Amino acid sequence: MWSNPVRSREKGASIAHVLEMIRTHPGKPPVDEQVLSRCIEACYDCAQSCTSCADACLAEQDAQTLVRCIRLNLDCAEVCATTGNLLTREVEFDFDVARTVVEACAVACRVCGDECERHAQHMEHCRVCAETCRECEQACNDVVASLTA
Amino acid sequence: MWSNPVRSREKGASIAHVLEMIRTHPGKPPVDEQVLSRCIEACYDCAQSCTSCADACLAEQDAQTLVRCIRLNLDCAEVCATTGNLLTREVEFDFDVARTVVEACAVACRVCGDECERHAQHMEHCRVCAETCRECEQACNDVVASLTA
Amino acid sequence: MWSNPVRSREKGASIAHVLEMIRTHPGKPPVDEQVLSRCIEACYDCAQSCTSCADACLAEQDAQTLVRCIRLNLDCAEVCATTGNLLTREVEFDFDVARTVVEACAVACRVCGDECERHAQHMEHCRVCAETCRECEQACNDVVASLTA
Amino acid sequence: MWSNPVRSREKGASIAHVLEMIRTHPGKPPVDEQVLSRCIEACYDCAQSCTSCADACLAEQDAQTLVRCIRLNLDCAEVCATTGNLLTREVEFDFDVARTVVEACAVACRVCGDECERHAQHMEHCRVCAETCRECEQACNDVVASLTA
């Protein structure tokens, strides 16, 4: 139902203005702008889907069995939002702080994605959320690779 | 430079999964799903562009003259993030809380958009940010109209 | 158990440094520093207790009956954190933005406090959380009164 | 001025309800409750003082020379808030996620504290903020030690 043509086209699309904001910033991004913008978008996307998945789990009849999923979703949502904001800031970018925060984000996404995947078969919101967690984990790992290059 | 065809196509695009998460949620959204998803996307988009604009202003040579813009960007970014998360949650949606929060978000976007617009002529990041503030203000007003309908 | 003398003394105490930060700020606070610092402290305190109460409710055997409490706690926690941060910023303080945000915070605290109170008899975390919501609602109303004076 | 007896007494005091919320939670805290509550309090305290210090720096006449301090304050504030919330949640506590996030918080506090200390001689808000950063860094390290014990 939710995979209609309109959505398919939009899939993988981005927050409208991330790349535009990077390109109008007076400074130079700390890593390649494509790698950076993909990670910022993935962080915001994952923050949103985890917030939504926690709420959807809470609305399920068997919410009691989804407590671990809800909890990890809440953690992951906040860590992703903080990471997306940190990577949005370019001025006086500190590589040590950035690397440890983005690494922590990758861990939060991995653990949350693993949990969501366990429920993906019978709950579509967990399937979609697992997907956004995977994308964000990968995007974070790409940024860490760039930061340590 | 940042208005190349690729960006134009992406412009107005969305966080990839908002509508998908709404449609896989076991509950019923509190307002029309298009109005709701547009506002959630606009809130996240505006949170990102305001975070970026505050940082870009700080990187300008005349940052000292942009203190009001930086401050309003920081306020608007946080209010938008909170509003985007609140609207993402559907379970036991409280109309009173939602309405006052979304109204406050519209005010934060209006005041921040006005300030960014004052600098739009000579700073592209303020021009783009003013645009996302306007879009978010409008999307918030649409949600408030739906909530009070 | 938690009402031992040590706690009683600490009760009503504050984040250690709010007033100190206000007094070392080069600017002038937008409202009376006591009214302001009490509200900032109450916002952070309420953000923490609501985050904790949501989690405690989730840990209860009958979590399924506490969905509304969890949801309102999550809303209130985020609104309080945003409000506490906004009130912490003094530079170029915008009275319109501040007033609507602090009013929205008072509403979020009132609605969440009402819900927590319904469970206060049999769950201590809801009793404590209702108390912090009331304190924060009052502190917000005091700030709004000062802002509109 | 801000070191009057009243403040000295309050110094080291806490958000009023952290320990009370831990003790009324139906679960068992993941680490010693004193170590945990000290860290949660330190995170919220540091989030507040960093938000305030960024704003105070922005209000200084030579804000242009404080850009690195402002930026690190913004990063540290968000990381501390996220860490304080994550540690507040006890249900289905994930040790891997918690350890990497708390370690990242310690790094953010160390780097921000170092920068604030450089300005501590001539700006009291940086002196106070450096102090809260140190306290939070230490509290985070204590939690990490407990989590890996």
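Labels for the chains are A, B, C and D, by order of writing; each one numbers its residues from 1.
Rule of thumb we're sticking to: a contact is a pair of C-beta atoms (placed from the backbone, for glycine too) under 8 Å apart; a residue touches a chain by one contact, two chains touch by 3 or more.
These numbers come from a predicted model, not from an experiment.
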Pick the pair with more C-beta contacts: C-D or B-C? C-D
Looking at where chain A touches chain B, is over half of the residue numbers used by both copies, so same, or under half, so different? same
How many Å are there between the centre of chain A and the centre of chain C, using C-alpha atoms for each centre? 29
Taking each chain's centre as the mean of its CA atoms, chain C sits from chain D at a distance in Å of 18
What is the distance, in whole Å, between the centres of chain B and chain C, each centre taken as the mean of its C-alpha atoms? 25
Residue ranges of chain B touching at least 2 other chains are 55, 58-59, 67, 71, 74, 81, 85, 89, 91
Can you tell me which positions in chain A touch chain D when the two form their complex? 67-68, 71-72, 74-75, 78-79, 81-82, 85-86, 89, 91-94, 96-97, 100-101, 103-104, 107-108, 111
Residue ranges of chain B touching chain A (in the complex, touch as defined): 1-2, 7, 10-27, 40-41, 44-45, 47-49, 51-53, 55-56, 58-60, 77, 81, 84-85, 88-91, 123-125, 127-129, 131-132
Taking the complex as given, what residues does chain B use to touch chain D? 55, 58-59, 63-64, 67, 70-71, 74
